[in-house]
C-alpha cells in the first residue's frame, strides 16, 4: 500500500482530571476511508480536534506524507490540506448560509466580497446534496438540525483537501441526504483523498469504510479490515465485552430491518 | 467653494427695555447648591425688576464643557439678545463667546472670566477665594495656638476642573511657608466620598493628633473630611475650611464641626450681571454702579470692564450678619431639630 | 389505518413551496413590508419612527426645534460622540466592550493641542499624530486583550483611568489649552459648504446608491439568483432621497452643509460598506457570532480583535480631534463625564447588540441623532436639571420601546 | 382503540417568509409509539416545539385527553405531563451534569438543594443507560456529543410524564446506548405512555414504532401502520418520489448490512 | 491487517479508568492542587495572589499600609461599593448589566436623609423605607427589561440618568443634608465590636464551616458518592482560618471588628450560599447559562430576571444607606462619579464573567479589596493625580493578569 498521507502515534490528551486520549495511533492512506469507531465518550472527537489543531495533543507525533509536522492552530491543518466537519458543526449562527459556507475562504476581489459568485456556487453545492432550504440568505440559527449539518458538510468540499475528517456527518440527516453523503464519501475516496469517518451507524460504516479503527476509553482497541470482520466482532471491540446491550437486545427482539447484518 | 464662520441671527445692541428682550443665563453645574438656589432666582428677580418685559432663558451644564456649548447654541437658536455666561471652563468657553459674537450677541462673563473677549465681567475672583480660605485657616491656627509650623492637610477640588486649580493656587499663595502641608490631594469629581477616603489615608499617614487644620476647597468635601475625622475618633476637630455656604455647612459650623465657609454675596453679583446684561443688550455703557468698574485682562490679552466683589468668610460669629441678614437662609432653616441645642440656635431663639 | 397522501414530487432546484414570495408590484412591496413588520424584522425602522416622534413632540413644544439653525447645530453636536460610537460598534460586534473611548479621545485631543500649540508643529501634522496616538493605544488594548487574555472590560477600564492620567499629565498644570480660531483644526468644524456643493453631494450620493444597487441586482438576475425588482430599487432610492435632499435643503437654509457632519457621515458609510461588503467585515461578524467557529474556519481571531480595538481607538481619536476643533480648546475634562456612556448608548439605541455579531454602522448615526435630539430639545425647553434628567430617561426608554417590542416578537421566533 | 391522549389538528406555523407548518394534524394514543418522519427541514422539530410550548402555533387546536388546551409556554406542557427531548438538547452548558438533569425540578427542602440525593439518583439513572461519564460534577460543555444526548434523555425520565417526545434521541449515540434507548422506549410504551419518536433511522423506527406519520414540506404526507408498510413506501412518502437518492444508491451499491431490509 | 486488542471489560458503576484520582494524603492534595494550577482551574487563587502582591508592594513603599488603622479603614472603605458589587454580580450572572446601581444608591440615600432629617421619621424606619425604595426601583427595571423587552443596558441607563434626576429633585435646592452623628444611621458604620466578640464570631464562622463541611462529606460517603477526605476538609478549614483569625487579630489591634464590614461579609456569605445551595441560585445560573434552555426546563425566566434586578437595586440601596452612614451626609453627588464603574469592576476583577453564568459572590469581596487596596495605597503614597491615574491603571492590569493567563489556558481547553 502507498505511504500514509497522515500518521499519528503516541497521542495523549488530558482535560483537567480526565485522560481523554492515551497513546493513540492512527494511519490514513490516500484513497482510503478509515472509520473511527468507539462508544460515546471514547475520545473520537477529541482525536479529530487534535488532528485539526483545535485542541493540540499534549504528547505524540503527527506525520504528514511522511514528514513530522506540528498543528497548533486550525489554520495549520487547513494549510496542510485537512478539511474537518466537526460534530458540533462550528457554524456562526449569526451569519447566513452563504457566509458560513465560505467562512475563512471568501471569494473576493481586492477584499470586496463576490457575493453573486458565492451565492451561485452555494446553490449548486446544496442542490447536489438534495437538501431543501427555502432561502440561502437566512441566518443558520434558523435552520433545522439536518440543514445545518448539510451546510457543514458542504463547506468542507469547497477547498481542495487531501484528507477529510467527518465527525458523525450523517447523525441528523434524512435518508435521502445520508445516501448522498455516502455517495460523496465514495467519490472522495475515488479521487484519492484520505477520509476519516466517525459514525455510530454500523450500516453506513460497512457500506463505505475500508478499515475500522476502534477507540475504547481513550485507547486503541482494535484495527479491522471491514470486509473481513463481522458486525459482532466490531461491536464487541467497541463495547469492550461480548455480552453487551446490543447483543442482548438482538436476542430479544426480532424486527425486520434492525441493524444486525 | 466654502464659506467659513457663522452669520445671520438677530440680537445685538438694538434691543430696548420698553419692548423687552430675551436674556440667556448659562450656569455651570447643579451639584453645588448655589447656582439653582441663588444665582438663578436672584438674577431672574433683578431682570424682572430692571426690565419687566424681558424674559430669561436658563440652562445648567452639569459640569460639562461640551454640554454648555450645546446649550449656548440652543439659546442662540432661540434668539437671545445677550448671554450671561458662567463658564464650566473659562478657557474653553472661548468657543461660545466666539459663536455669540459671530451672531452679534453680547456676552457677560459671570463669576468666571470666559476667554475670547467678553463684553463685561462680574465675579468673585477664584484665586482670591483660595487666598481668603488659606488666610482664614492660618488665623484659626494662630487663634488655637497651634504653635510653630502647624501641619495641615489640603483637599483640593477635581483635577479635571480648571477652577479647582485657581482655588488651589490662591490657597498655596498664603499657606506655603506659613504651615507645613502634610498631605495634599486632588479629589476626583469634588466627591465627598473620595475626600473622606483621602482624609482617612492622611490620618493613617500623619496621625490624627498631628493634624492641626484641614484646607478643604468646598463644603461638600469638608463634610467628607469631617466624617473621616469623626470616624477616627477625633473629639476636638481641627479647623476645616469650606466654600459655597451650603446650608449643611452652616449647620456644621454652628455645631462646631466646620470652622468656616466662603459666602459669596450672590445677590449683588447677580444684580450687577443683570445690569450689565441690559446695558450690553441695549447698547448702553455700564458704569459699575455702587461697586465701580475696573479693567481686567483676559488670557488672550483683551481688556474687559469688570466688577470684582469681595468674598466673605463665614464663621460661627458672623452667620447672622451675613447669610441670615442677606436672606440667604432663615434661622428656621438652619436651626432644625438636630441643631436646636447649639449655642447659635439657643441664642437666636432667645 | 394505513392511509397515504403522497405530495407531488418536485425537482430540487425549484423554489421551495413554503417560501412566501410577494410580487414586485407596489402592493406586493407593501405586503412584504407589512409582513416584516409583524414578524419583527424591521431593522432600523422602529428607531427611525422613535426619532420622528421625538422630533414631532419637541417641535410642538418649541417651534425652534426644527429650525434650520437648531438642526444645523444638532448635526455638529452629534459628530464627536458619533464617531466614537462608530468605533464602539465595531467592538460591540465582536461581543466585547471598550470603556476607554472617552479617555482616548481626551488624550488624543491633548496630544493635538500640545503638539500644535505648545510645540508649534503644523496643525495638519499634529492632527495626524493625534490620530496615530489613538491607533497605537488601540493596538495596545487589543494586544493585551487578545494575546494576554485579560478581559476587554478590564483592559479598557485600565485604559479609561490610565489615559485620563496621561491627559492630565500632558496638559500639566496649565490645564486648558486653546487652539487658534482659524487654523486647520478649527477648519474641521467651522466649515460649511455653499448650497451648490451640498446639492451636488446629495445628488452624487443618491445616484451612486441607485446605480450600484441596480447594477448589483442585474448581476444577480444574470446569475439566476433571486434579485430585487427595479420597482423595489426605485422605492428604496426614493426612501433614501427624501432625508438626504430634505437634510441638504434645511441645512442650506442656515449656513450650508457642515464639513464635520460630512466627515461623520463618510465614516459611517465607509464602515458600513467595510462591514457588509468586505472579507474583513465578514470576519468581524464571524468572530462576534462565534469566536471558536471563526478560529476553526482558519480566521486569525487575535488579529481581528487587535485590529478592531485599533479601529475603535482611532475613531475615538478622530472624535477627540473634532471635539477640540468644535470647542477651540482641550481641557483636563475633555473626554470625561458622560462621553463614554453616550457613545455606547448611541450604539445600543441604534440597534447594535451588546452580545456580539449583530448591528450596523448606521446605529452610530441613528442612536447619536436620537440622543442628540433629546438633549437639544430639552435644552430648548429649559428645565431644571433634576427634571431634565428624569425626562431624558423617560424619552430614552420611549425611543427604544418600539424597537424592543418588535425585537421581542423576533426573539420569540428565534431558535434556542 | 382508546381515546388519544394528544390530538392536534390544523396546526400552522410561520417563521418570517417561511411557512414551516401548514394545516398539520397528529394523534397519539396511550401506549403507542408514533414515529414522526420527514426529510430534513420538513417541520418535525417545529411541530415538537409547538406541542412543547416553545414556539406556539399560529393557528390550530390541541386536544389533551379530549379537552382543548392552550400551551403557550414550556411550563404549560410540563404541567400537562409532556416531557420533551429536543434535537438541540437545550442544556445549560455552564451547569454540571446533576444540575442539568434536575433543571427546573430540583429536589430541595425549604429551597435548599438536596445535592446528595440528586447526585445519587443521577448516578443510578446514567448507569442504567450504560454511558460512561468520568465525573458527574463537570460542566456539560465538556462532554462528548453522545454524553450530552444521554443527559437530555435521562432528564425526561425524572418527571412522571404521560407523553414523551424524543426528537432524534439516538442521533449521536453509540450502538450500545442506542439499544438501551430503544429498550427504554419500549418500556415507556408498556407503561402506557404515548411516545412521539423522531428519527431518520428506519431500522430504529421499524423496531419500536407502531405508527409512522410522515411530514413533507410542512404538510401531512401520510400515516402508516409500520407493520403493514414496506420500507420503500415510507421512503417514497418522505422524499416525495419513488425515484430518490436512496433507491438509486441501493440499486448501485450492495454492501452487506446497508439499510434496506 | 486485522488485529484486535480488546480491552478488559468493566462493570459500568466502576470508576472511570480515565479519571485521574489523587489520594487524600498530603502529597495527594498537593499533587491535585498542582494539577489544577497547570490546568488553569484555580478559582479565586490568582486574584488572591494578585492582592497579596499589591499589599506587599505598597507595604514596602509605605510602612503604614498594613498598619491596623489603615486595614481597619480599608474594611470600611470597601463596604458601600462592595455591596453594590454584590448586586451587580447577580445581574452579571444573568448575562446582563445594571448601570443604575450608583444612582439607585444615591436616590436611596436621599430618601433616607429626607425622611429621617427633614420629616423626622425614626431613623430605623427611614432605613427600611430607603431600602424598600431600592427594591421597588429594581422591580421596575426588571419588569421593563423582562416583560417589555428593552435591553437591560438601556433600561438601566435610563435608570442611571433618571434616578439621578430624582435624587437632585428630592434634595431640592438645599443640596447636602447632614445626618446626626449618633443615631441609628451613624451606628451602622461607627460601631466596632470589642475583641471578645470579634474572636467569638471568628471561631463560630470557622467552626460552622468545618462542621457543616464534614457533615456534608459524611452524608456523601454514606450515599456512596465521591467525597472529600477528612484531611482535605481540615486543610480547607485551615486555609479559611488563617485569614479570618488573622483579620480579627489585626482589627482588634485598632478599634475592633467594624459592624459595617460584618454586614458586608454577611451579605457576601448569604448570597454565596443562596447562589450555590438553593433552587433560586441554581435557576439564576441556568438563566445566565442559557435562558432558552432554562425556559424549556419550565423555569419562569421573567420572574428570575425581575427578582435579580430587584435584588441588585436593593443591595445598591443598602450600599447607599451605608455610604450615608459613613459620610454623615447625603449630597447631590452621592452615588455618582466612578461608583458605578468601581462596582462593576470589582465584580469583574473578582472573576465574575460579563457573559453570564459564571462567577461567585466572593468576587465582590475580592475585587472590592483589590480596588480598595490600590486606592488606599496610592493615597498613602500621595502622588499627582495624573500619575495616580496611570499607576491605578497599571496595578489594575497587573492584578488580573495572573488570572487572565490561567483563564486563557482554561479557555484553550474549552469545548467550542
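Residue numbering begins at 1 within each chain, and the chains themselves are lettered A, B, C, D and E in the order written.
Here, a residue touches a chain if its C-beta (ideal position, glycine included) is under 8 Å from a C-beta of that chain, and two chains touch if they have at least 3 such contacts.
None of these values were measured; they are calculated from a predicted model.
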item: Those chains which touch chain E and also touch chain B; value: C
item: Superposition of chain A upon chain D: rotation angle, C-alpha, nearest 5 degrees; value: 180
item: Centroid-based (C-alpha) most distant chain relative to chain A; value: B
item: Centre-of-Cα separation between chain E and chain A, whole angstrom; value: 45
item: Interchain centroid distance [CA atoms averaged], chain B/chain D, Å; value: 74
item: Cα-centroid distance, chain C relative to chain E, in whole angstrom; value: 35
item: Length of the line joining the C-alpha centres of chain A and chain B, rounded to whole Å; value: 75
item: Junction residues of chain B, two or more chains touched; value: 30, 36, 159
item: Residues within chain D bordering two or more other chains; value: 15-18, 54, 88, 90, 130, 132-135, 142-143, 217, 239
item: Interface hub residues of chain C, defined as touching at least two other chains; value: 16, 18-19, 164, 168, 290, 292-293, 295-296, 384-386, 413-416
item: Pairs of chains found to touch, sorted by chain label; value: A-C, A-D, A-E, B-C, B-E, C-D, C-E, D-E
item: Residues of chain E defined as touching chain C within the complex; value: 95, 97, 99, 144, 148-151, 153-155, 157-169, 290, 292-293, 295-296, 341, 344-345, 348-349, 354-355, 384-394, 396-397, 400-401, 404-405, 407-408, 411, 414, 416
item: Complex contact set, residues of chain C against chain D; value: 1-10, 16-21, 35-36, 39, 41, 412-413, 415-416
item: Contact set on chain B toward chain E in their complex; value: 30-33, 36-37, 159, 183-186, 188-194, 196-198, 200-205, 219-220, 223-224, 226-227, 230-231, 233, 246-249, 251-252, 333, 336-338
item: Sites on chain D touched by chain C in the complex; value: 14-20, 22, 54-55, 88, 90, 211, 216-225, 228-229, 233, 236-237, 239-241
item: Contact set on chain E toward chain D in their complex; value: 12-13, 16, 18-19, 216, 219-220, 223-226, 277-280, 282-283, 285-286, 288-290, 292-300, 356-358, 413-415
